[in-house]
Every structure is written in structure tokens, then in C-alpha cells.
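Each of the next two complexes has chain A plus one other chain: chain B in the first, chain C in the second.
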Partner chain A sequence: MLRRVFVSGVSWTYLALVYAFIFLPVAVLVLFSFQDGRLPVPPFNGFSMQWYEAVFADRKLMAALSNSMLVAISSSVVSCVLGFLAAYSLARYKLPGSALQRGLLIAPMTVSYLIIALGLLALLNALHMPLSLLTVGIGHVVINLPLCFAIIYASMGDHQINIERAARDLGASDFKVMALVTAPMLMPSILAAFFLSVTFSWDEFIIAFLLSRFDVTLPVEIWSMLRSGLNPKTNAIGSLVFLASVALLLILEFSLFGRTKKQ
Partner chain B sequence: MTAPVSIENVSKTFGHFTALDKVSLDIRAGEFIVLLGPSGCGKTTLLSILGGFLSPSSGRVVIGDRDMTFVTPAKRPTTTMFQDYALFPHMRLVDNVGFGLRMRGLGKAERDEKALGFLDLVGLKASAGKRPHELSGGQRQRVALARALAVDPEVLLLDEPLGALDLKLRRQMQDELKAIQKRVGTTFVHVTHDQEEAMAIADRIVVMNQGRIEDFGPPSQIYMRPRSLFSAGFMGEVNFVPGRVKAANASSAEVETSLGSLALPAANFTAAVPKAGDVITLTIRPEHFRGEDKSDDPMFALGDARVAGSAFFGTHYRCHLQPCATDGDALVAHLPQSSDVRDGEIVPLAVRAADVVALPAASGTL
Partner chain C sequence: MTATTLEDADRRKAWGFAAPALLWTLAFFVVPFLFMAAMSLWKREGREIVRVWNLDNYARFFSENALLQGLVNSLEITVIVTVLSVLLAYPLAWIIAERVPKRFQRMALILAILPFWTSYVVRSYSWLLVLSKNGVINQMLTGLGLIAEPLEIASTRTATVIGFVHFFVMLLTLTIYSNLIQLSPNYRRAAADLGANAFQTFWHVVLPLTLPGIMTGAFLTFVLCIGDYVTPQILGGNNELVLPQIIMLQLGRRADFPMAAALSIILMLAVTVAYVLCARWLKIERA
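This part shows the complex of A and B:
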């Protein structure tokens, strides 16, 4: 009896420690974003919303926020469309060297973001293409396309082949089969790929830093704020970013995984 | 709409494997045809060639009076009902059924009305707003049928559509399929490996084996007058008795077997005209054995046999009988419910000449 209490006590403590390890930094970040004082370090002086007010009053931060959203959403849409088309062709047609092509499509996942950013920087220089949000977006497509391809490709099973055949048999052209049958059938995994890709792009720093110039994304803006020292304002913006990620995750969970469970 | 189908000398090879070997078949407009055979016999390949999902290696497919050999599925006057139903999971039933009409450019109001009509035909009008995952297997089946019929095909191809249903539902769907086919008048080509299903729905059955057509005809003819040993064995239980033609003329033949000799009408030689000296196999259905000679028909006594085992099947006793005259293979006979058979009992065997079919002996099989 005592032994059981002891064992279960140890397991619960272990669980609590694991979650504390994962979430303590975030909890501290969020807590000190409400700091009533100039430094986001203990002791906690009291509750205040002043840093959130400061964040929303900061034009540059707000611009960076909307830049981030623009880049995240548009690069994710492009990644999903390209990933879907690649997955569809590799899953449905016999292509020369299809195993090699699959490998090549997924390979960028194994390359570090820094290397990809350096490579793109060199390439853009050679092409005389000025750095802008567009180039950041291109960089994010490069890192997110493999992910989108892998997720969508994995969800393309053989049982959908007959459904596509049926559509073709009923008179649908190849494009209509793809647009009206395949894509809607795969919508859960396409959306999963989209939201994951949005969160990755939203958080991404190195590529965004190296490939942008005047208009920057939020992580880059936060970084430049950090250079002038710790400030509860950075905590506040960090908390907002965290909140956005959590919201996205919840949307994903309830809209998508909830639906697939029901089916 | 409905159209005749003509398959002319169609072969299909996959690498070194011959799935279809010079198959020719003429199907009349409005017929319910069943392609019957064990798995791997080529029946599904033939159906895929009719539907346009495969192209034959050689030969021609004519539907109506148009050569369809290399026409894509979308442009053929055929629709296929797939084994796994292949419904569109993200669409309501009415949109599933209306999909083909949408592809033909019909407006929403018109196609919804038509789709509802076809859902009504299969008894699912009330569920038009549901999605496929809310339905049972039998209901999905009906939606698939409605969807395939909605585009008014000349030929409907059914790929083992009842395979996933339980026995009771399968029997019920067979009756419905047959009734709907009669109503719409479309030519149905249905693939199955279940010979009872084939007999229940077919106007004519095509028995296939190893890429060839073994037999083709109405169910009763396939069962009573099989034209090959395979066809005889596949359509139900049968006894094979080896024999030899002793003498033959235009109307009858004298056959010698280990059970005695019989005079058979020449018409009972379904595969070839009998010649003296032919080595043949007699096929006798278990229910054709008579315990004793009571009828007026010409009967042939086959000697006595000992009951080596029996089981009551409801409609009959199924007995293993060991002929006393030989120590050859035991025979399987269905004796009437009323007969009181006991193991070890000796019963006289007889058979009507008209019930015995003589086929050329298979070389090496049996």
C-alpha cells in the first residue's frame, strides 16, 4: 500500500517536473509581461497592462506583426499548393525516378535554416534581386514545402484512387477530379500542413533576418528590441505571439482533428 | 438508355501473365450478365476493359455500334459501381448522385431534382442531405447505384458490389438490383465469385477461368447442361464419374463406367459430339441420385452403395456413398428429407439418363 502511494507519488512528481521544464519559461515570460516596473526580472512588483499598451502603440512592432502574418499566410498557401501538386503527381502517376524525386523534395528539411538562408542570399545577390518580404516568403516556401509535401503525400492512400476513378468515370476531367474530389477529400491534411507551416513561418528568425532589409517580420523586430536590453515590452509581444500560436493550435485541434475523429 | 456490347477476341497480358486469352462475348441490350469465376480468372480485368480503365493488348470492344476500345472512361456510355462504393466522402448524398450530371453541365436545380429522383429509386430520398459516413454498408451501396445510374449510362458495370455485405443483406440487395435493372432497362454487367448470387440475378452467366470463358448461358443451362468440367464444378456440388464411349450414333451413345453402363442421349454430350472410344467424364449432381426407381422416366441403376456418412441439411440429407461395385471415389448424394438414412446401410442407386452430362475427360485434373 505504502509502496503504491510512493510509486504513484514519484510518477506524478516526474510528470509535473516534465511539464514545468517545458512550460516554466513561457509562464515566466507571460507573468513578467504584466510587470509593474522597468525590468522583467523577479521580484514581481504588481500587475499592470502598461507594456501591452506600449506594444499596441508601437508602430514598428505593429507593422512587423502584419508583415509576419502576410509572409506566414502567403508562403504557407504557396507551400500547400505546390506540396499538394507534387504529392498528387507522385502518388498517382508513375514518374521516372519517383523515389529519388520524393527524396529530393523532402531533403531541404534536413538542411539547417542558416545554410538555406546563406544559399538563398548568394543566389538572390547573383540574380540582383533586392531583399524584401518577398524574398523572406521565398525562403519560407523553401523550408515549408518539404513539410507540406510530406504531410499531404502521407495522407494519399490507395483507397482514394477508386474514388478518383469513379469521378473520372462519371465524366470529370483530370483538373476537376483534383479540384472537386482529391483536394476536398484531403482537406484535413492540407489544412494541417497549412497551419503547421504558418506557425513555422511565424516563428522563423534566421531566414527572415538574413533575407529582409527594410520591412521585417516580428521575430526580427523582437530581436532588434532585445539588443537594447531586457524590457517587459518584449515579454508582452512574446506573450502575444505565444497566444497566437496557442489559438492556431486550438483551431487545428477542434476544427480538424475533431472532425476526423467523428468520421 | 441501353446498348448491346460486343467483345471481340480481347486479350490482356501483364508482363508474362495472360489475364485474358482471346475472349469473345456478345451481350444483348438490356441484359443482366454476370461474370462468374474464382479470383484471378480475369473477370475484373474484363470489366475494367469494358469500363475503359484498362486497354486490351489486342481485340476490340464495341458498345452500341461504336468502337470503344481506346476511349477513356469519361467518354464511354458506361459507368462503374465499385466494390468499395467509392462515394465522395465530403459530399452530401444528393451531390454524390448529382456529380455526373454536374460534370455534364446541368444546373444545380435540375441536377438536384434528378438526383433526388434516383435517390428515391433506391429508397434513400429522405437521407439526401446526409454524408456517406452516416450510412450503413447497404445504404452506401444504394447510393453508389443511384450515382452510377443518374448519368443514364447505356451499360452499368458492377465490380463485386455485394462482396462486403452480410449474407442476408446480400440476398436482399440481389433482389433489389434485379428489380431496378428491370425498371431502368440498362445493360448490367456484374462481376462476382458467388455462384448463388449469379443464379439469383443473371439473365445469362459467363463462367470464366484462367482468362477464358468456360461457359455462357442462362443459369439453368449452366447448372443442368454445363459445357466444361470447370463450369460444372464451379456452379455447385457435382460428382465426376470417369467413363468411355463404347458405341455412338447420331441420337445416343453407350457409355461404360465403373458403376455400369448407360445409354445417354447425344444431347447430353454438351461439349463435343460423342465418338466411340472417347474417354469422358460423367457429371452427376448430388440431387439427381434416386434411392430407387419409382418414376416412369428411363432410369439407370448404378448398383448398390453403402452409406459412409450423412448429415441433415434441412432440405435434404447430404450423404457420402461408397459404391459396392468399386473401391473408387465415394459419391455425394442428396437424399430426400423423408429418407431415413443410417451409416452403413446399403442403398440402391439410380439416375435419370437426362440428368447425366458427359464431358471430355480432363487430362491430369480431378
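This part shows the complex of A and C:
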């Protein structure tokens, strides 16, 4: 009995300590985004919204925010479409060398983002192609395509084949089958792939840093803010991004994925 | 006859569907990578890249102490981070899977990985707020009178390790938890029937069964950690540079792309060696 109490005491203490470790930086980040003063470190001088106002007044930061959204959404759409088509082809047709093709499509997952970015940068430089949001987007499709392909491919079960065959027998073309039968059946995993890829692209730094020049994404803009040292404005934009992501996560948890689980 | 033509049409269609993804990967991943590998065998002279095939960059890596030390630092930090993260995450995952009541487990897990959703750059910056000379930890310790002078944690290897461990504890808790929860309770019941106590059951049954999950997580940690530039640059500063920092230095001030390419290839080789070492425990394929 005493031993049980001891074990559970140790367990809960451990749990509390690790949670404290995990939450410490986030708590400090959010708390000092409200700092009434120029330094986001103790002592806390009192609540102020001035740094949030500064964030919304910062045109460069707001431009970076919309650049990030543009790159994240468009690169994720491209990744999902290409990944879906490839998954459909590899799951439904027996092509020679299909194991090799799967390997090729998954390969970028095993390589560091830094190396992917350097390779693209070297090639773009050699071809004298200018760096822009487009090149960032191309890089983000490279890292997200394996992910989207793998998720969608894994969810393409054999049980859907008969339904697709029925649609084809009734005269539907391949594209009609894909758009009206396969895609709706796989919608949960397509959406999961899409949102995961949006998250990855949104948060990605090194590719966006190396492959952009004048228009930059949010992580790159935050990176250049760091050069001025500790600054409550950085806390404010960091907290905003965090809260927005958590809100998105909760919406997904309760609407999309919650519903599919019940079905 | 009709059958074969149908087959041909099917085959053409199948290639057509797979082609965009395959071409994208070829054009923007394989070709750039091969180009970079070729470049690592060229040389920089002044501002120009000279296309003469040679192994000078690799020779320089092994003869120049600063470069070789970068790889050593990277390996040391990565191994320390991987071991610490597994040691911290396993008990956490175990407590969530075994001690926390079933209906709160999902919530406990979501909480444990919530800070994942701070942006990557911001997460390292947040640790700077905690660890810097006038940061939370130092002010707390001096305030309590425990130390007279603030500790120099920021811009050291310790800060890099703390930042990394924070990230990977969250990741590993997730992978280890999903492994623990899949274990059939029958194994434990059988062990108990055969007279094993709680510790013996854990050591001889649960731990070996979750080893593949641990190794997959540890390998992922290794790969992501050794290739990362952001955390060591923000938290470790310019002391004890790791390989990605040295690669970025070649790009910036020195404009030595061939050397950066050579160092990247070396970084990839390190990951490949790690993969070969833990390959027998890794189960990445579809179950």
C-alpha cells in the first residue's frame, strides 16, 4: 500500500516537472509579450498591449504573414494534387518498377531541409534564376510531396476498388472517377495531408531563408527581428502565431477529425 | 489483341498520373542533389567556381581542425540530445499511458505537445528569454540568493542541448506513447502469471517490445537534430559551431559553395551511417 502511494507520488511529480519544462518557454513568451517596458525579461512591469499594436502596425511583418499564407496554401495544394495522382496511379495500376517509384517519391523525407535547400540554391544560381516566393514554394512542395503521397497512398485500400470499378462501368472517365468517387472517399486523409503540409510550410525556416530574396515569409522576418536582441515585439508575434495555430488545431480536433471518428 | 491494347492504354494513363509527382521530384530534388554532389568536387578560386574535378574540399575537411571539429560537435550534441530526450520522454509516455485515466489520456497527450505549435524560430527565441544573462532562470536564482553572479547558459552548448531536448521530448513522447498503447495487456498478464514482478515485467517484456518505437523516434531525433541550423545558431551562438552553422558560414562571408556542398555530403554520410547502425530496429514500412 505504502509502495503504491510512493510510486504514484513519484509519477505525478515527474509528470508535473516535465510539463513545467515543456511549458516554461511558452509561458514566458506569452507573459512578456504583455510587458510594459522595453525588455521581455523579469521584472514584469504590468500589462500593456503596445507590442501587439506594434506588430499590427509593422507593414513588413504583415507582408511576411500574407506571404507565408500564400506559400503555405499554394504549395500544399500542389503537393496534395501531385501526391494524390501519384498515389492513385501506384495503388491502382501495376506499373513496372513501382517500388522504385515509391522510393523516389519518399526519398526527400530522408534528407535534411538544409541539404535540399542548398541543392536547389546551387542549381538556381547556376541557371541564373532569380529567387522569389515562387522558388520558396517549389522547395516546400519538394518537402511536402513525400508526406502527402505517403498519407494518401496509405489510405488507398482495396475495398474502394469495387466502387471505382462500378463508376467506370457506368461510363465515368478516369478523371471523373478520381474527382467524384476516389477523392471524396479519401477526403479525411487528403485533408489531413493538406493541413499537415500547411503547418510544415508555414513553420519552415531554412528553405525559405535560402531561397527567398526580397519578399520573405514570416519565420524569415522573425529571424531578422532577432538580430535586434530580446524584444517584446518578437514575443507578441510569436504568441499570436502560437494562439492561431492552437485555435486551428482545436477547430480541426472538434470538427473535422472528431466527426470522421464517429462515422 | 484488344486486351493488350487496353493494357497499353492503362499503362499510359498510369504513367500520366504518376508523371507530375515523379518529374517534380526528379527536377527539384534529384537533379539539384546530383548537381550539388558534383559541385563538391569543384573548387572556388576568388569569386569564381572552377569546374576542375578534385577532392580538395574533402581533403581540407580532414586536415582543417575547425571543420572537423564541427562534425565532432554535431555528433556529440546529437548523441547527448537523443539519449536525454529518450530518457525524459519514456517515463512521461509511460505515465500517460499507464497512470493517467483513459478518458484524460488524449488531453494529457495534446497538452504535452502543445508547444510544438509555436513557430520553430520562436521556440528557440523563447528559450533565450529563459536562459539569457538577465533571463528568467538567472533572475530567479539571484533573487533567491542561490548564486551571486548570473550563469552563462545562453551561447553555450548547454543552451543548444536544452532547446533541442525540449523539442524532441515532445516528439518522442508521441511516438513512444503510441507504441505503449498498442501493447496487448496479455503479454503483461502472461509475465505476471509466470511470477514476474512489476520491474521484471517492464524490463524483460514491455521495454523490448517498445524498442522498435524507441529506435524509430531516436533515429528521427538524430536526423532532425544533426541537420538543424536554427537552434544552435540562436541558442549556442558562435561558440562550438556545429556542421550546419559551418555550412552556412561557407555560403555567407566566404561564398564558397563547393565547400558548403562537400560539407553537406559529409553531413548526409553521417546520417546514412546512423541509419545503417539502427536499421535492424527500424520499422518504417507500412504495417
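Keep in mind that, in the parts below, the second predicted complex is superposed on the first by the 262 of 263 C-alpha atoms of A that agree within 3 Å, B and C clash if a C-alpha of one lies under 4 Å from a C-alpha of the other, contacts with A are read in each partner's own complex, and residues count from 1 in each chain.
The rule is short, and it goes like this: contacts are C-beta pairs under 8 Å (C-beta built on N, C-alpha and C of every residue); 3 or more make two chains touch, one makes a residue touch a chain.
As the structure is a computational prediction, the values presented were derived from the model and not from experiment.
S.K.: On chain A, do chain B and chain C fit together or clash when superposed?
M.R.: By the criteria stated at the top, chain C and chain B fit after superposition, with no clash.
S.K.: Applying the touch criterion given at the start, work out whether A:Asp169 contacts chain B, chain C, both or neither, answering first, second, both or neither.
M.R.: Touch status of A:Asp169: first partner only.
S.K.: Check whether chain B or chain C contacts more residues of chain A in the superposed model.
M.R.: Comparing touch counts on chain A for chain B and chain C gives C.
S.K.: Return first, second, both or neither, reflecting whether A:Met185 touches chain B, chain C, both chains, or no partner chain.
M.R.: So A:Met185 only meets chain B here.
S.K.: Once chain A of both complexes is superposed, is A:Phe149 in touch with chain B (first), chain C (second), both, or neither?
M.R.: Once the two structures are laid over each other on A, A:Phe149 reaches chain C alone.
S.K.: Considering only touches as defined above, state whether A:His159 meets chain B (first), chain C (second), both or neither.
M.R.: So A:His159 only meets chain B here.
S.K.: After superposing on chain A, what angle in degrees do the C-alpha centres of chain B and chain C form at the C-alpha centre of chain A, to the nearest 10?
M.R.: Apex at chain A; the opening toward chain B and chain C is 100 degrees.
S.K.: With the two complexes superposed on chain A, say which partner A:Ile222 touches: chain B (first), chain C (second), both, or neither.
M.R.: So A:Ile222 only meets chain C here.
S.K.: Check the superposed model and tell me the shortest C-alpha distance between chain B and chain C, rounded to whole Å.
M.R.: 6
S.K.: Would you tell me which residues of chain A are touching chain B in their complex?
M.R.: 159, 162-163, 165-173, 176, 180-181, 184-185, 187, 263
S.K.: Help me check something: in the complex, which residues belonging to chain C touch chain A?
M.R.: Chain C reaches chain A through residues 10-11, 13-18, 20-22, 24-26, 28-33, 35-36, 39, 88, 91-92, 95-96, 99-100, 110-112, 114-115, 117-123, 125-130, 132, 134-136, 139-140, 166, 169-170, 223, 226-230, 234, 244, 247, 251, 257, 260-261, 264, 267-268, 271, 275, 286.
S.K.: For chain A, which residues are in contact with chain C within the complex?
M.R.: Counting only chain A, the residues touching chain C are 8, 11-12, 14-15, 18-19, 21-26, 28-29, 32, 39-43, 82-83, 85-86, 88-90, 92-93, 95, 101, 104-105, 107-108, 110-116, 118-120, 122-123, 125-126, 138-139, 141-142, 145, 149, 154, 174, 199, 202-206, 210, 218-219, 222-223, 226, 230, 234-235, 237-238, 241-242, 245-246, 249, 253.
S.K.: In the complex, go through chain B and note every residue touching chain A.
M.R.: 51-53, 72-75, 78-80, 82-84, 86-91, 99-100, 103-104, 133, 147-148, 151
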